[in-house]
């Protein structure tokens, strides 16, 4: 299953909920304000680094660039909507609003 | 200053933000989904009990009843909109959406 | 044969009632889909479990009370109703606090059932 | 005498840009109020600090880039611009990451300034 | 006391419009006046007269129109309204569309400006 | 592959309508078809033809209407629309108002139903 997250992890707890339900190996797609999770050096960085051990994590590059986030946690794949669609071809999708 | 909170503390971090900025003695008004913070026996109960040492905490009773929350943390005042208005007469108001 | 053709559709209820309309408009969608003779299931996780809280009295608020409609889902042949055990625990609730008795599951079990669905609808 | 009559209005920016319109429509309100010769101030707390992040490039997203407009607030006589030090720290940011140099304050200092306002506008 | 009200969220989808209404009713009953109600962000959707909720539910736009009929200034932000498809042709009676300057004036002339909204 | 799309949030206030549009464009370019776009909850506000954003900004309702002109079924939930003041008189061209049964059919007939929204 592909899990998608579009809310800031600093104001919402959706990322934590997602991680509680996501199965080992399930990909996670960060988009909209969800991409703030990739900010390197932040207080939630450790959660993301831990999550990367179990899940491939993607972030929509257009959303990352729009927000000026240049220091991205290593191991997160920046990608476009073609990649989002490709993942949705392979997986059911559940959005954690 | 009167701080108001209308979001569930289980999905949002607004209560934490509010408590970081609220001054000793500032009243806090819980309304809408913010009232879920008063649920006795929940995992966030300790945060509310700690907050009660520094702040009077109010919750709109109509919102509490609508949600069927019957076990309310001791020390929280259940009140109506007249009480909300009365507090707003005495204090500036900042809403933590 | 007939069974094979049914589509598995799961409503994932994560929002608490009354503060936003998602629980209510989600329920409206459940009721419609229930009439389509598909394999509809409902799972309550996170604040979604609050939608099943007993003793909701919305009269003072002046909005519709709809928790009892969840109790009627069986009449719509929607019998697969689940709730996340840990979501209840975090909120200081037990199944006795709920107007219906959903099947309590661990997150990993819910994840498995979600994976088996054709469609997941978030509310 | 004239000074006494000015109303203290503070915009409290807590939302990040682009995912929702609050930062943008908040800025539109700041610009209008700036023309009314009141004592307008702006404080960035929580995710609001992201609105000031350097190097925002919204072209690939196809939406308006407005962070640079915050740099123009001085032209509107809005010179009281603050940011919460801890909000930056939590997000791994320093003042060097921002397009302007707001005055960095502790939460307690911000609370004190909020208390002095006539009106607080949340965005 | 003079209260100003800003509403930043639409009707029904979130409770903000209900809370604001309950607050205003209580303020009026306590003898206060309402300097103005300003709809901003998605709040502008409160002001459409095309709203047609189920018979057994509250009609939120009617509530605002009725407050307007009592002489309370109901103002819809023009820029926010244009983005969301609200214009004079669908505006409830007893409300007006105007600019953010009106919010400024409410902020200055009210003793308190209270905001109801969401995120 | 056949994708169905549900949109639960209004235009401009949140990014959901933009993300959905970007996803749909990418899906079409990859050779997929779109079984239908269903507007629910505040999503119905996407379908008003009265939307009039600033000249230099995207027009979100036009995007949907253009997808409708290409033959994609654009459906607005009638019950959700009534609450928010959307009816035939303000509906964008190439869209239709219908019931939740249409969402059911999209859910059944699509290989994937993807939802974009907020909270």
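In this document, chain identifiers A, B, C, D, E and F correspond to the written order of the chains, with residue numbering beginning at 1 in each.
Keep in mind that, in the parts below, contacts are C-beta pairs under 8 Å (C-beta built on N, C-alpha and C of every residue); 3 or more make two chains touch, one makes a residue touch a chain.
The model shown is predicted, which means the values in this text are computed figures rather than measured ones.
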Maximum centroid distance from subunit E, chain identifier (CA atoms): A
D-E or C-E, whichever has more C-beta pairs in contact: D-E
Classification of the subunit E:subunit F interface as same or different, half of numbers criterion: same
Where subunit A and subunit E are represented by their mean Cα positions, the distance between them in whole Å: 37
Chain centre separation (subunit D, subunit F; CA means) in Å: 33
Cα-centroid distance, subunit B relative to subunit E, in whole angstrom: 24
Contacts with 2+ other chains: residues of subunit B: 6-7, 10-12, 17, 32-33, 62, 92-93, 95, 97
Multi-chain contact residues (two or more partners), subunit C: 14-15, 18-21, 46, 61, 63, 118-120, 122
Junction residues of subunit E, two or more chains touched: 8, 12-15, 41, 79, 83, 112, 115, 117-119
Overall pattern in which the protein chains touch one another (line/ring/star/complete/other): other
In contact (per the touch rule at the top): chain pairs: A-B, A-C, A-D, A-F, B-C, B-D, B-E, C-E, C-F, D-E, D-F, E-F
List of subunit B residues in touch with subunit A within their complex: 10-14, 17
Contacting residues of subunit C [partner subunit A, same complex]: 12, 14, 45-46, 86, 107-108, 110-112, 114-115, 117-120, 122
Complex contacts: residues of subunit C adjacent to subunit B: 14-20, 46-47, 50, 53-58, 60-61, 63, 65, 67, 89-93
Interfacial residue positions of subunit A with respect to subunit D in the complex: 6-8, 10-11, 32-33, 36, 39-43, 45, 61-63, 65-71
Subunit F partner contacts - residues on subunit D that touch it in the complex: 18-21, 61-64
